[in-house]
Amino acid sequence: MKLLNLIPITSDIWTDEMDQYVSRFLLDGTEVVTRRIQHGPASIESEYDEVFASPEVVMMCKQAEKEGFDGIFVDCFGDPGVRAARESVNIPVFGGFEPAVFYALGISDKIGIVTVLPDVMSMLNGLIAKEGLRERVSSLRYVSIPVLDLDGLDKLTAALIDESKKAIAEDGAGVIVLGCTAMVGVKEAVEAGLKAAGFDITVIEAAQASLMMLETFVRMGFRHSRSTYLPVRDKGRVWWSGDATAEI
Amino acid sequence: MKLLNLIPITSDIWTDEMDQYVSRFLLDGTEVVTRRIQHGPASIESEYDEVFASPEVVMMCKQAEKEGFDGIFVDCFGDPGVRAARESVNIPVFGGFEPAVFYALGISDKIGIVTVLPDVMSMLNGLIAKEGLRERVSSLRYVSIPVLDLDGLDKLTAALIDESKKAIAEDGAGVIVLGCTAMVGVKEAVEAGLKAAGFDITVIEAAQASLMMLETFVRMGFRHSRSTYLPVRDKGRVWWSGDATAEI
Amino acid sequence: MKLLNLIPITSDIWTDEMDQYVSRFLLDGTEVVTRRIQHGPASIESEYDEVFASPEVVMMCKQAEKEGFDGIFVDCFGDPGVRAARESVNIPVFGGFEPAVFYALGISDKIGIVTVLPDVMSMLNGLIAKEGLRERVSSLRYVSIPVLDLDGLDKLTAALIDESKKAIAEDGAGVIVLGCTAMVGVKEAVEAGLKAAGFDITVIEAAQASLMMLETFVRMGFRHSRSTYLPVRDKGRVWWSGDATAEI
Amino acid sequence: MKLLNLIPITSDIWTDEMDQYVSRFLLDGTEVVTRRIQHGPASIESEYDEVFASPEVVMMCKQAEKEGFDGIFVDCFGDPGVRAARESVNIPVFGGFEPAVFYALGISDKIGIVTVLPDVMSMLNGLIAKEGLRERVSSLRYVSIPVLDLDGLDKLTAALIDESKKAIAEDGAGVIVLGCTAMVGVKEAVEAGLKAAGFDITVIEAAQASLMMLETFVRMGFRHSRSTYLPVRDKGRVWWSGDATAEI
Amino acid sequence: MKLLNLIPITSDIWTDEMDQYVSRFLLDGTEVVTRRIQHGPASIESEYDEVFASPEVVMMCKQAEKEGFDGIFVDCFGDPGVRAARESVNIPVFGGFEPAVFYALGISDKIGIVTVLPDVMSMLNGLIAKEGLRERVSSLRYVSIPVLDLDGLDKLTAALIDESKKAIAEDGAGVIVLGCTAMVGVKEAVEAGLKAAGFDITVIEAAQASLMMLETFVRMGFRHSRSTYLPVRDKGRVWWSGDATAEI
Amino acid sequence: MKLLNLIPITSDIWTDEMDQYVSRFLLDGTEVVTRRIQHGPASIESEYDEVFASPEVVMMCKQAEKEGFDGIFVDCFGDPGVRAARESVNIPVFGGFEPAVFYALGISDKIGIVTVLPDVMSMLNGLIAKEGLRERVSSLRYVSIPVLDLDGLDKLTAALIDESKKAIAEDGAGVIVLGCTAMVGVKEAVEAGLKAAGFDITVIEAAQASLMMLETFVRMGFRHSRSTYLPVRDKGRVWWSGDATAEI
């Protein structure tokens, strides 16, 4: 099968190393193709950024379906454009939030999420509320590191261990979900650091989780429900066209 | 004060009559200017439509602040782009959902919302969940009329009366919120029809409610909280530019 | 229009200054008449006090309707007698709790309320539960100052700033509601103090909010739902009569 | 021990038969004295009635404590004045709502309450919400019989059986609580009627339940918590005095 | 009447002193017979232990009904086998959790439970969730003392006072429920210690509460609902037989 | 990897056909070994049955871990012994409830479960409550067919289609979970029948879902959290031994 790893930001941050990391658990026959949007924000750290990322995300999802992709991972923990994409394609689409949290439900009664910045707390609380999972997510914290600085892995790892310890000790979390899909390559170090501090806790890396759940959905023939996501109606929709772009 | 009535669809549906209707309760000194987006959907009936409406909505909000508007009404019950706009401007912004429902909280213990199509039920349930108001909204129904056909007022009125009666009799609603800001000009007829059927129920028209709450916020100096809506961070954001457009 | 500001305590605390303060945002044509009960407690700091305040509150509401008042503000954050009044008059009635909290819903995802004493915490928690707003009110604190000492504005302001900072920093509140309608004249100083401490937070003063919402309800023709508040039935009701009074 | 059965209405409806019925399960050493208020409504069927019943209820509770009563049953399912009484006396006080519902929690996962009129639905929903029991009370229905007509036992029994069947079959209730303490003497007939219809369901009569729980509280030395119910503060409270009364 | 105090562990810990203590409030005519299981764990401190305790608990409940017992107390705060027993006998069955918590509902708005070990926190949270009482139980803490060491009463009392103070001061609890039925004989000392620390709080001992509620249920003829607990169906069930036992 | 399919009933119902059906989606390298308990009920249709199934389930889980199994599926929708097993083994253990419902969360906002008998409704509602998923499961229905009659596939399919239609049309479900792991081999026919009736709905078969999630957990190295499931403590535990058995 062929899955699209759709990076909903314009920054060229994706490396082969990241590619291998997030695909580690997939089957040999599962090919992952990475693409990124050309119009939108350099990173997503607000609902504002999500607004400008979502249109091309949705357009690329439709294009991917036409090209025969079997499933799409919108590579962002805020799920930008995911629900709109589900209305417009018939293949499974997941953002980074749901699969990681769903697997976490099977690991611990209380889930902790550690994300990037205070800027996204309100949006994530909204996702938790919409999912009806307020009772299971007992902790939502952030490391105070912008998305594009997450490649400083040592600093990131240390901050994640710090916040995770509080999530565990103060908020009762029994599993930690890394709350940003750009937190790639640190899960193991965070688990090790927590273990050294006496906390034998599973850390879920969101991209790995999403790709795995997409693979599962494709293998089992699951599709998003047409009673939650009704097909998009035909109507006029005008958009900018051409190659000209500008900073906004 | 000057309020912007921002129509988040490209259809040219706004009439002077509608303008006077929604502004009926405003103060003489409150000027309402109506504008609509040029890029986006002809109507909003899905999360898909919301994705394509939101960018220009947000851009126009920023522009309106620069021009000295005091507040902005994003004229749609789904609140497209509203949270993003709040992150990027310092003047009050409301969509159609919140003010109508907030006033309804002061009228009845159980609220009924009657909207347009099944297509938007999931999105509205999401708004209700995010607002933490699942316990107060006891009924969410639809009239099965597309947004652009809502100008058939007789048919709309009859359908609204029908669904409202079920909301009241079967779901216990004690107030009805018209769940689409294009349901303009029918509130009185619906109230009359319900009264004739033995239901002395207030019907809230969402655009009137939003403009009223904006006027209140401006008069009282209320602004959206910067701890829920953190200011947008500086970063690169690429967008289409130029005048060329195409249907998508 | 003419609104009644009904003080549900026997203490003669109302000053012209307070009158102007709470009416600041009202329209020129909105007249506010202040009256207070003659039978009841000197202040309201318990459900016990509410029991003894409520009968005359309700009687004065009925009287006010007869006299042609357009709306009634029961000037107390505990809403004493408000629901009973709604059953017995056809004009809008609000206490201090609902309008302030409803406007707060439009300002921040998480609301903090700072009230007077621990004595009223249980009653306010009951109001929050009845309103179905447990998910939105993240903080309920008190300043430990009796109602009749709230005119010591410096002490009150300092205590409000203190508790508000905890509500914001520890409980995540993004807006502060002053949880007693006698906390008059301090909102601005509290906002200034919070700003100086790095918290740019809106503070809502409850009486201003209630008078504003009453004005809105009158202008828009909203009335409390007769399916939540059924009209009072005819029956015998015996009460004390005459002018003799005693301390109880 | 000596318990006060405090009838919070002025109507002289209490009979020896009712006395024996509600006291059936009490210990020989438990004496029940019945008194009723002299100022207030003829029956309680609204929050309005509760407002006018509560003051003398509270005064009589205080008097009862002075006289050495061990516990007080405020004989009404709406719990009028109960919380205020708990603030002002040190002996246990229960209305009709809590004990019946608490025992019901031990009988069935889903509880049905059948009360008198639509007029009290909102108030009872408020009690359920304040108790945090929305998840356990799956059914709230009424028989459409005014309180003072509840002595027509055949009509009452038939109506209770009707509504209970719907509560069981449509709303999943597994136990029925009679939602008015004046529904005396019918529990057995309702259980028999339900059994004949194929529903082997326990029906809880509220007065019996409350007197039993009071007896238990006295025997076990339980008192209402002073952190929920803080003691009433000393202050001036003016009330009508003298014997003159009038209809209101 | 005759009640069975069914100890669901194999340890021979029951003393006459404990017997008198838990039966203190019962009527003279209420006989309590204590028995314990012969197959199962030495103590219950996990769901694992509950699994191995439950079968013989259920068998002994059935046997007790045959012998004419009127009610059964499964003497453990985790309610092992209680729901299964209710499906298979027609006499009331309670574990230690429900009655104590139900009485607590009538004492304070917020309930604190102090139990033995972190091992049982998840299971107790599950009971709280199943009961729909998440909104009322504001505190769940433990003393870090294994069940079989609870007979060190001084150490237990000190730890209970410590944790109760935190439950009260930090978590807002207004009543304390001893969260293990083997915490026998310390309630009074804990109340005294809390009072000395300024907290006039009721402490509920679970075994006393359960025996009292059973006695009430028997006196009032309450039985567990057959629509929540359907009768057990006839079918083949194979079990170990004979007297041979082994450690597992 | 090697997974244990642990049938928690004594009936010899497992066929190669069922084996292939539930394993359909697994990887070639995933071996599934089926075993069943020798002591316990012929089928599970009550909490009573769960009590007698659970001990040997747990013992067999421990044995399976010793033998090198990588994960265990306790083949029953009621999850008997699952939490206890998680406390005592270090390999993943799932019953039939969680994985099916977790995948359903990713398919539809509202989930419908159709199970066997009214007997298990209370138990399943308890699982839903413990999982904190009351807001997502909008429908719980049953087909009124005992577990051991589920091999009458035509009758089962027809009943499942009937109840699923109600779950969809009346309760708003957008995905159907087959609420019994013995409902094997009918998912496709149910989907076809629903499609023919105009409902294009995914049906999740629970055993397939559980084996898939176990496979995922093993591949990704996820284990159940030791802060939710603390390791079992050493203590004496007596059990029946020997080969003698009897019907109970």
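Lettered A, B, C, D, E and F in written order, each chain numbered from 1.
As a working rule, contacts are C-beta pairs under 8 Å (C-beta built on N, C-alpha and C of every residue); 3 or more make two chains touch, one makes a residue touch a chain.
These numbers were taken from a predicted model, which means no experiment stands behind them.
Novice: Spell out the chains that contact chain D while also contacting chain F.
Specialist: Touching chain D and chain F alike, sorted by label: B, E.
Novice: Could you tell me the least number of steps, going only between chains that touch, from chain B to chain F?
Specialist: 1
Novice: Which pair wins on C-beta contacts, B-C or C-D?
Specialist: Most C-beta pairs in contact, of the two: C-D.
Novice: Report the inter-chain centroid distance for chain A and chain E in whole angstrom, where each centroid is the mean of the CA atoms.
Specialist: Chain A and chain E have C-alpha centres separated by 45 Å.
Novice: Once you find the CA centre of chain A and the CA centre of chain B, what distance in Å lies between them?
Specialist: Here the centre of chain B sits 30 Å away from the centre of chain A.
Novice: Compute the distance, rounded to whole Å, between the mean C-alpha positions of chain B and chain E.
Specialist: Those two chain centres are 53 Å apart.
Novice: By residue number and range, which residues of chain B touch two or more other chains?
Specialist: Only 109, 122, 126, 129, 132, 134-135, 227-228 qualify.
Novice: Between which chains is there touch?
Specialist: A-B, A-C, A-E, A-F, B-C, B-D, B-F, C-D, C-E, D-E, D-F, E-F
Novice: State the interface residues of chain D toward chain C in the complex, per the touch definition above.
Specialist: 10-11, 38-43, 45-52, 54-55, 58-59, 81, 83-84, 87-88, 117-119, 122-123, 126, 129-130, 132, 146, 148, 227-230, 232-233, 235-242, 244-248
Novice: In the complex of these two chains, what residues of chain F are touching chain B?
Specialist: 109, 135
Novice: Any idea which chain A residues touch chain F in the complex?
Specialist: Those in contact with chain F are residues 25, 27, 94, 98-99, 102-103, 105-110, 131-136, 168, 172-175, 199-202, 204, 208-209, 212-213, 216-217, 219-220, 222-228.
Novice: Which residues of chain C touch chain E in the complex?
Specialist: Residues of chain C touching chain E: 122, 125-126, 129, 134.
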